[in-house]
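The data blocks that follow each hold one structure.
In what follows, chain A forms one complex with chain B and a second complex with chain C.
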Partner chain A sequence: MTDTTSGLTTSDGRPLKAALLAAQSKARRRAFLLVAPLLLFVILTFILPIAYMLQRSFENDGFSDSAPQLAAWFAEHPDGSEITEGAYAALVADLATMQANKTPGQAGTRINYTVPGTISLFKAAARKAEDLTPPYKEALIALDADWAAPKLWAAMRSASTSYSADFYRVAIDQKRGEAGDWARGAERERIYIYLFVKTFILSAIITLSCLLLAFPIAHLLATLPMAKSSLLMILVLLPFWTSLLVRTTSWIVLLQQQGVVNNILVALGLIGDDGRLVMINNQTGTIVAMTHVLLPFMVLPLYSVMKTIPPSYARAARSLGATSWTTFRRVYLPQTLPGIAAGSLLVFILAVGYYITPALVGGADGQLISNMISFHMNKSNWSLAAALAAILLVAILILYWLYDRLVGIDRLKFG
Partner chain B sequence: MALPTYASPLEKVWYYAFRVICAVVFLFLIAPILVVIPLSFNAEPYFTFTEKMLAFDPAGYSMRWYDTLLTLGSSAPDGPRDSGWWSATWESATWIKAAKNSLWIGFWATILATSLGTLAALGLSRPEMPYRRLITAILISPMIVPIIIIAVGMSFMFAKACVDSGSALGTILGPFLSNRGCLANSDLGVIVAHATLGIPFVIITVTATMSGFDQSLIRASASLGANPRTTFFKVIMPLILPGVISGALFAFVTSFDEVVAVLFIAGPEQQTIPRQMFNGIREQISPAILAVATILVIVSILLLTTVELLRRRSDRLRGVTGR
Partner chain C sequence: MKKLLVLSTALTAVAFSAGADVTVMSWGGDYTKSQVEAYHKPFTAATGTAVISVDSDNPAPAVKAMVEAGNVTIDVADVEYADAIRLCDDGMLEEIDPAVLPAAPDGTPATDDFLPGALTDCAVTTIVFSTIFAYDTTKFPEGPTTIADFFDLEKFPGKRAMRKGAKANMEMALMADGVPAAEVYAMLETPEGQDRAFAMLDKIKKDTIWWEAGAQPPQLLADGEVAMTTAYNGRIFAAAVGEGKPFGTVWDGQVYEYDLLVIPKGAPNPEGALEFIKFATSTQPLADQAKWISYGPARMSSGPLVGLYQDGKTEMAPFMPTAEANLTNALASSYEFWVDRDAELNERFNAWLVAN
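Moving on to the complex of A and B:
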């Protein structure tokens, strides 16, 4: 067998196997060359910025740049060594430089991430750094006893390197304990984990309400005759094509206290004029507006699965004596599961990272983690914003991987 | 799904209840979009229907908010509406400038995303394509990764992505970059960002069109003596054109509607319509926003109609019947 195939040659005398392999690899190269320009573009404009952001989340410049002498002292003396006069002298020299460069606030802010309340400590000490005389240890502690705190020195040590994982610790609500080790922050300082959990819970609620609303209309669209369903499909696709800001504005118009929904309810006498419902600038606003915004992403995958379910199955079940509820539960629903999985995952993924709608209609308690990232970007807390974004990215990538395994990315379609 | 003759009374009730539920959901989908249209003609600066509006009194309606769109920020808002007024409006009115910026950025982002995306989709739908799944996953990911993360990464990166204005590259790209020759705060930065966000839509629509494409047509064309270029323009292109145009429209809408990346990487020069709306809603919401919203709804209705017609044409060309 091997002999016969290896004996075959093309007309120009090459072995057939080699010629086929060459032709195949040429075809592969050609296909890849078509994709290459876009792949390069996406690597440059998408992968690289995200890689840069990940690097930024470890970058530790706020303190290390302005305290070079102390950093040098930390480099010479390994973790656990006693904080000597030399360290205090280096710190005082750095504080004097900070005062000259106007950076004590910046350095204090960096330490403040892990030991709250240190911004004023740094500012006050930097103002007086020029006038301090040796021994510096006693002089600084006389200024403020906090300068002897082990947690402060542990925080300064980890902030003095150019890269550190401190921001991830901060992003999961950890602070320096009294002895300088990591511990959970005080109750009122635990904001990020709470916000991550809230983001996931709100996204789950939004996904569920999308599913509940989308299921009946997807079923209707899949079972109606073509002409009617095409017409109704436009009602699903129009929101999909309408600007997100327009839809968000509409919900402000509808839900605000002097808005259309409240006016209708008052006119119908369901609520009193003084009992107008607060439906915007809170979690309700976020949930309602985002359900509306993401609903088409649930309807379309559900519809495309329901379209393929033959109606004869349900009829067969009925003819065998099943009640309509049993038919739905045992025959129809299991067949729609791929659509439910596809739609739910897509809506959940999109909801977790949403920014615009919560920012505009979420008020104080309807904010999601994206809004916190934006908040820290505006406050120039770059590294913390990057660390929060990195955690969110990991969550999204896990969901994306799940989506690819369960549904397949090539199944994504619009309309 | 007509009601079967064997249906029990309970099922008959459920049949009609189901229709009512569906009607309510459709109302939920469409009402928020339609409600802004009449409200944008409100004569009063309110966001709700006034009594005059409900009584269909003409005095309750006016075009004043559309007029605001022309006069806000204009260098000569008052005075007779002659050619001088119109040219001042065209040059300086805030919303007109925003519209021009949006169209300019959207146009180039669409060109970039569609040309690169179509080529890539052609490669991805070839059976020989290596690592297809991985590469598709990478190319689709700008749609899945939250825009805030992309915007944060880009804002770090684009601030550092600068060219020397004296260099050859700086001379070519100069007009598109910021004053300091950086991607941040520049038209090109926003165009590149929007193109990246639009690429997944182009890939998805074009590969969907290609899925019904008979690859043997390429071999047939080659066997009849056509070179790859002729095959592309005479055989492949006419068949996938509807998909390409839909993809381009998706890419354009993505750019036209995008605000997060603009907020993070653009400077004051790149004031687009969504950014203007976002700031307007955050600061002091005026019914002028509703006038813009109405115009955008009409634009989206036109776009949807175009895409639907294209999709039907594409299905017909490829011999696919039904949805």
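Moving on to the complex of A and C:
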């Protein structure tokens, strides 16, 4: 059989196999060219920024760039060696170069991320570096006793290469102790792990409330006659098309203490004027507003799945004697699972990264980890922001993997 | 070839004239309005260069982002003192030689005319603004009078609002706890001092709403959401005098600081930007700005020229942060302190905020 195949030729005498291969590769090339713009787009707008962010979370050359001599000293002397006059001499030489290049602020900023109070230390020393005379160790320490601090030297060592895991340490609430080693920060300074956990819990609550609200709506949409369901669909989509900021601010108007809801409750005599409910600028505000904002992302996948479930199944179950609850639980609900899975995943992942709504209505206790990321972006500590974002990304990937193992990604159905 | 040359020259000329506008990024609201009236319009009238105004909650991070990305779209930015120093240290700003700034009308050179510390390597101060606290006069007709009253929920019940951040809040908390203004920063350097400030903030934490944009506090007061709020003095003035809102300002414990104009490195029109800054920080425009908002001019020669508010009847002088009567218990914000402690204290502040 193989012999005959390989012996076959096309009309112009080429082996059939080669001709087929040539024709196929042409088609493949064409297919590739068709998707090339999309591929390029995805690489440019998605892969590269994420790669850059991951790199940024490790890389910060603010100090290493301007302190080459000290970096060389650190390279020669392994961790744990005594800080000698040679190190101080290298530092003073670098400080003088910094002053000439106007970079002491930059170098100090990098060290300041792990040891507070060092920007002005660097600036003051750099200003006087030219006039210092050996022994440099005594000279520097006479300038400011902080130059002898072990944690400062530990911080400079770790910042003397452009790549370090410092920002990940900070992102999991670690601080440099007086001796320079990393340790868990004081309780009043711990924030990120707490916020990560809180972000996931709040996102789960929001996903659940979205599901509870969206399920009946989607069912109604899928079963009502066309004319009525289109009208309902518009009601679902209208907020979806409205600006996020408008929707969030309308919740402020509704829920604030002098707002519509409180005014109605007071007018009805349900609560006293001094007992107005606090529903915004706290966690409740975040949950309510985000549930509303994300609701369409739950309704739409659910609807598209429910639409495909033939009503005859439920009727068959009922005619076979199942109660309405059993019919729902054993027949209807299992068939909607792909929609529930898709909607929940969509809402949860969107909620985990949400930033603007909690910033506006979250007050103090309704903040999510994304608010901290934006905070550090604004405070120009991009490396820490990147480290926090990278941790968030990894956490979501792990959840996605778990989800795949439990539910099965191939069972998802978005529409 | 010649044709091509002519064509490309013509195109370049067009590109230049299109890029000759000056784009200024500032803080929005009444503050930007005061700049438009006092700087932008007269500058355009005098030079024919159009000025485009862009709003931001804080222009400093935007400047950093633009310079790092190598895509600077603004020529001038209005930033706070500590940010001006930091950005300058990071090499993100053009240097501005104070010698090019115009002298005062009486011939005093700019370096002597500006308030002390108002000229830095990369920035020129325009105004002195202050963080004060304001209250709703319908709720407290007698009114709180000292910074301690802000933290006293028993004597003055009702919600509070403060800026979401450590700066100014820490200082006010210590002053309310009885620390003299002169000792505030020395105390904040120490962990005990920081604890003391946070202990003070703890007293009102449960009843406090945290604002981020300068336009929020007058809104919160007007809505009746809060009874008292910290705010930038000019915003409260604009709402109280300009719009007749029932707001009172308490100057006791005010924290005042400078606001400065800077030119980001790589600005599309640096020459125009420098011309704009020279114009905007000259004596008359600085004095004119006070007509629109109650921020003090940074030039001493502007002081006597400050006249009436735009309504034509309100004398501005008593509403300035630098007025004699307002300085009895006032603190000049220390940029040196905040350049160093900003990251540390804000981290602790954030942790404090989310902890229950």
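Convention: the second predicted complex is superposed on the first by the 298 of 415 C-alpha atoms of A that agree within 3 Å, B and C clash if a C-alpha of one lies under 4 Å from a C-alpha of the other, contacts with A are read in each partner's own complex, and residues count from 1 in each chain.
Heads up, the rule we're going with is that a residue touches a chain if its C-beta (ideal position, glycine included) is under 8 Å from a C-beta of that chain, and two chains touch if they have at least 3 such contacts.
Fair warning: this is a prediction, and the values are worked out from it, not measured in the lab.
With both structures placed on the common chain, the touch criterion links A:Gly105 to chain C but leaves chain B unconnected.
In the superposed pair of complexes, A:Pro116 makes contact with chain C only, with no contact to chain B. In the superposition on chain A, A:Arg329 contacts neither chain B nor chain C. By the document's definition of touching, of the two partners only chain B reaches A:Ile396; chain C does not. Of the two partners chain B and chain C, it is B that touches the larger number of chain A residues. By the touch criterion stated above, A:Met377 is placed in contact with chain B and with chain C alike.
Once chain A of one complex is fitted onto chain A of the other, the partner contacts of A:Arg127 are absent, as it touches neither chain B nor chain C.
In the superposed model, A:Arg14 makes contact with neither chain B nor chain C. Of the two partner chains placed by superposition, chain B and chain C are both touched by A:Gln258. Taken together, the two structures place residues 256, 258, 359, 377 of chain A in contact with chain B in one case and with chain C in the other.
Note for the complex: chain A touches chain C at residues 102-106, 108-109, 112-113, 116-121, 123, 188-191, 194-195, 198, 256-258, 281, 359, 363-365, 367, 372, 375, 377-381.
For chain B in complex with chain A, the touching residues are 1, 4, 6, 11, 14, 18-19, 21-22, 25-26, 28-33, 35-36, 39, 46-49, 112, 116-117, 119-120, 122-124, 126, 128-130, 133, 135-142, 144-150, 152-158, 160, 192-193, 195-196, 199, 201, 204-205, 207-208, 250, 253, 256-257, 259-260, 264, 274, 277-278, 281-282, 285, 289-290, 293, 296-297, 300-301, 303-304, 307-308, 311, 322-323. On the side of chain A, the complex with chain B involves touching residues 24, 27-28, 30-35, 37-39, 41-42, 45-53, 56, 213-214, 216-217, 220, 223-224, 226, 229-230, 232, 234-239, 241-254, 256, 258-260, 263, 292, 295-296, 307, 311, 318, 324, 349, 352-356, 359-360, 370, 373-374, 377, 382, 385-386, 389, 392-393, 396-397, 400, 403-404, 409-410, 412-415. Note for the complex: chain C touches chain A at residues 58, 60-61, 64-65, 85-86, 88-91, 159, 198, 205, 208-210, 212, 223-225, 336, 339-344, 346-348, 350-356.
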